[in-house]
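We just call them A, B, C and D in the order they show up, numbering each chain from 1.
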């Protein structure tokens, strides 16, 4: 009898953990949406800021965030995935691999402002890309690189060795085995990594502070070399530099809601793809 | 009755890092015959069979001396690509390992990977292989279902069909029925005797009765050495070496 | 021959990404070491006063380190039970339908940008804590711990849930076969088997909390003093770096001191990761699972 | 694998959409305090001159000056005068930073509206910030612990307040160091026992400005230097301003420009 009592109380605690997590999620989304929706209008979404950031819309910032996030994932995904594939499939197991894995996990702990300064020193100044979408995307790419590598590695390690051997035993080359068998099976895990890193890249403020984000530019970015407004920096700047807090706090709420919605959209798409992949493979 | 030698092992030694798994193995595998390899667990029989299609190369720190020839050519020559060897020497593993794909894709995978793209040819090949593997009747109308939904016995026959689709000349069975029920095991054994006409078969097994029923030749391994090799009737009725006799009569192992 | 080319391509890309990541470490060391010509390491780490712009300037970062320790410890108290607890609930109790809804929801929590968390903490949590504990200000270590912990929950939960799913079903069936109920199976068989994945999840969630800059800057209060309770304002290392880096003259002593803080933070997380890795490896070997 | 390649090609298309076209462009970067002025002025200036493209960046006085020295920006905003170390670096880089004062900023001491205290002497302010006075009762106010709010020690606003009001002495170590004017203002407005200081522009109805040495902080008292805690805001240029940078600074110094400065809550130079 006592055994079941422990089980029921154990399961109840787990249920409580789940509930508190969801309540907090609900609280954040509720507050942001209620206060954000007051400001949202078609004009808010399609026009630039006016009257010293107290009126008008945040269109350039929205576009900026989309470019920066996609640029970051475009840069980090191939590089990170290739690194994970090399570490799991090609490189000899042993000390070097563990050391590299250790280094990568560790970089997730480096304060994001350091990535910003690294981006400033390397991409903006050394490579001469200047403060631009390119520098910002590359810097954000490096911020999410460790996340993509770790998640992809976990996914690749989880692919059972037996189906690798099955493929090899049919005369498939190593690359054919990776491309046709290992990657599709590991895709759901890799997509989890992408989802987490999309949220991280879109929401980072410090890395783009010195490398891409402008407080105010007229019109839309002309090329990947022009700087760009970005939602996270816009929210931070409004909340800290704005001299008209009453109007600007409302705009900050609106921008937070749009940023939240934008990130949820991209993540939902990735989650949908992962679900579809899972169903196909049973 | 002795036909041509398909695979010949001469003076083969195999090392995992520092420990020696196989000592001075000399063995002939005859074409279109079933050769069974028996012995207690850890005697090196699985290690030996995985040498024949160079699967052991995947493990780090392994080393091999001596010569293994397929149709006369040494399979470890530098110019020989392991991929070609594995195409000609198929393998069915102890635990069925179908790909997490549909039944059709499982079979067609091997064909496509070896560069064949003609759709109708692939479809015919898939049907022929499934028929040869005695699975066609059970799956003909649900080829797009996921292979993971099949039973253990069906999955193992699917793996066999996969090898047939790649036109392997030799099929290695690494304790194929270890995780199967008696009915599926019987089906697999029937299938092996059927396949003997077109393929050379090597089967590693714990099950003495299975070896006696299915194989033409039997090799007895102990502690990494080949103790005795000969026709299956001779080995089971009049073993020359005392250790073989003890093992067969179940006194140890 | 083609195989060699593929292996070469992947090796080049792998080392390119490693080169970028090592680049960060190199910049960290290059910009941080000059401070130690002026201030001895012992003074720097254990100094109790952080007055970088006065003359004579005092570069003591003990208050900043202790603040980071308190806030990170607080975040762990929040994110481990919530994160791992939710992952276990999802794995063990939630039906397929429930799972299909809750798992994406949790991942959405992961994609909420950190600046929105900071915003939420600043505008809603701060007044709430201020009234609840009758504090002079709601900006304190507890506020930062709650927000950071909450931010780390989705990372911990997603990766822990993936780890639990990789545990083979045969383990569960074997445990049921000997008459263990679901809770015993979960605690004595499944969690240990998924140990390495769960510890990686916690490490990554923790690293996110330690490295977080913007949120901490907005909600932790910013008092560079060694905290005694959770209800005092604190100034974690990342907050000090983010707040002061923009204003400090580039290449000046203060600029190098801030980089030194980042370097020490990096070394602390490095040591922490090694310890965590050893624990999880010994944990795995005890269970007979490969590394 | 197919899915991933489709996502990547889609992203490439959107990135390629942008159409490059050229107009004279300057970059204004630096102090967060000067940011609102620079932004408003840039917006109005660009409305008047369609050919001009001015982009405004924050980051802080240190970043602004450093970018000017590195040549990655045309105008470096700063709420403090350039430091010797920065000047040396400029000289080695062959740059000669020239200070253009574009506005004055009075630093107001603020308290919670409910606080009965309305005036403080500079000495009292110094005693509060250095920790000798720690309860409002000692100043005739309500019996409440004083919560000292300050700016992090590298900000330009703190630099001026530290020099002018505290004569360089150290702020008590348990003071709440906020990262921006607005953070100070919002913390003071929500904390009954708080005292803080912000630029004139950030004083709003939610806080109460306190007279310093019996002088009220207004535009006139700051300009006439009667108000003791005031400081200039700079736009540094490399040598004499020229081209679009000159036109922009001249516009800010014009009567229309100074009106914008006042709208943002700072003190015009007229």
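One rule holds for everything that comes next: a residue touches a chain if its C-beta (ideal position, glycine included) is under 8 Å from a C-beta of that chain, and two chains touch if they have at least 3 such contacts.
Please read these numbers as outputs of a predicted model, since none were measured by experiment.
Participant: Considering only chains that satisfy the touch condition with subunit B, which of them also satisfy it with subunit D?
Facilitator: Looking at subunit D and subunit B together, the chains touching each of them are A.
Participant: By label order, what chains touch subunit C and subunit D together?
Facilitator: Shared contacts of subunit C and subunit D: A.
Participant: Report the chain whose mean Cα position is at the greatest distance from that of subunit C.
Facilitator: Measuring from the centre of subunit C, the most distant chain centre belongs to B.
Participant: By number of C-beta pairs in contact, which chain pair leads?
Facilitator: Counting C-beta pairs in contact per chain pair, the top pair is A-C.
Participant: Using mean Cα positions, find the chain sitting nearest the overall protein centre.
Facilitator: Going by the distance between chain centres and the overall C-alpha centre, it is A.
Participant: In whole angstrom, how far does the Cα centroid of subunit B sit from the Cα centroid of subunit C?
Facilitator: Subunit B and subunit C have C-alpha centres separated by 50 Å.
Participant: So what's the Cα centroid distance for subunit A and subunit C, whole Å?
Facilitator: 16
Participant: Using the average of all C-alpha atoms in each chain as its centre, how far is it in Å between subunit A and subunit B?
Facilitator: Result: the chain centres lie 47 Å from each other.
Participant: Measure off the straight-line distance from the CA centroid of subunit A to the CA centroid of subunit D, and report it in whole Å.
Facilitator: 32
Participant: Multi-chain contacts only, two chains or more: what residues does subunit D have there?
Facilitator: 32, 58-59, 63, 179, 183, 186 - these are the residues of subunit D that touch more than one other chain.
Participant: Where in subunit A do residues touch at least two different other chains?
Facilitator: Correct list: 93, 173, 184, 209, 239.
Participant: Is the way these chains touch best called a line, a ring, a star, complete, or other?
Facilitator: Other.
Participant: Applying that definition of touch, give me each pair of chains that meets it.
Facilitator: Applying the touch criterion to every chain pair yields A-B, A-C, A-D, C-D.
Participant: Can you tell me which positions in subunit A touch subunit D when the two form their complex?
Facilitator: Counting only subunit A, the residues touching subunit D are 50-53, 66-67, 70-71, 73-74, 77, 124-125, 130-131, 133, 179, 183-184, 187, 209-210, 213-218, 220-224, 226-227, 237, 239-243, 245-246, 273, 277.
Participant: Using the touch rule from the top, collect the residues of subunit C that touch subunit D in their complex.
Facilitator: Counting only subunit C, the residues touching subunit D are 49-54, 63, 122, 126-127, 130, 136-139, 217-218, 221-225, 233, 235, 239-240, 242-252, 254-255.
Participant: Give the list of subunit B residues in touch with subunit A in this complex.
Facilitator: 53, 55, 58, 60, 83-84, 86-88, 90-91, 93, 95, 97-101, 109-110, 113-114, 146, 148-149, 159, 162-163, 166
Participant: Given the complex with subunit A, which residues does subunit C contribute to the contact?
Facilitator: So the residues of subunit C touching subunit A come out as 2-3, 6-7, 9-11, 13-14, 16-18, 20-25, 27-28, 31, 81-86, 88-90, 92-94, 100, 102, 104-120, 122-124, 150, 153-155, 157-159, 162-163, 166, 181-184, 186-187, 197, 200, 203-204, 206-208, 210-214, 218, 237-238, 241-242, 245-246, 259, 262, 265-266, 269-270, 273-274, 277, 291.
Participant: Touching subunit C in the complex: which residues of subunit A?
Facilitator: That would be residues 3-4, 6-7, 10-11, 13-18, 20-22, 24-25, 27-28, 31-32, 78-80, 82-83, 85-87, 89-91, 93, 98, 100, 102-115, 117-118, 121-122, 142, 145-147, 149-151, 154-155, 158, 173-175, 189, 192, 195-196, 198-199, 202-206, 209, 231-232, 235-236, 239, 249, 252-253, 256, 259-260, 263-264, 266-268, 271, 275 of subunit A.
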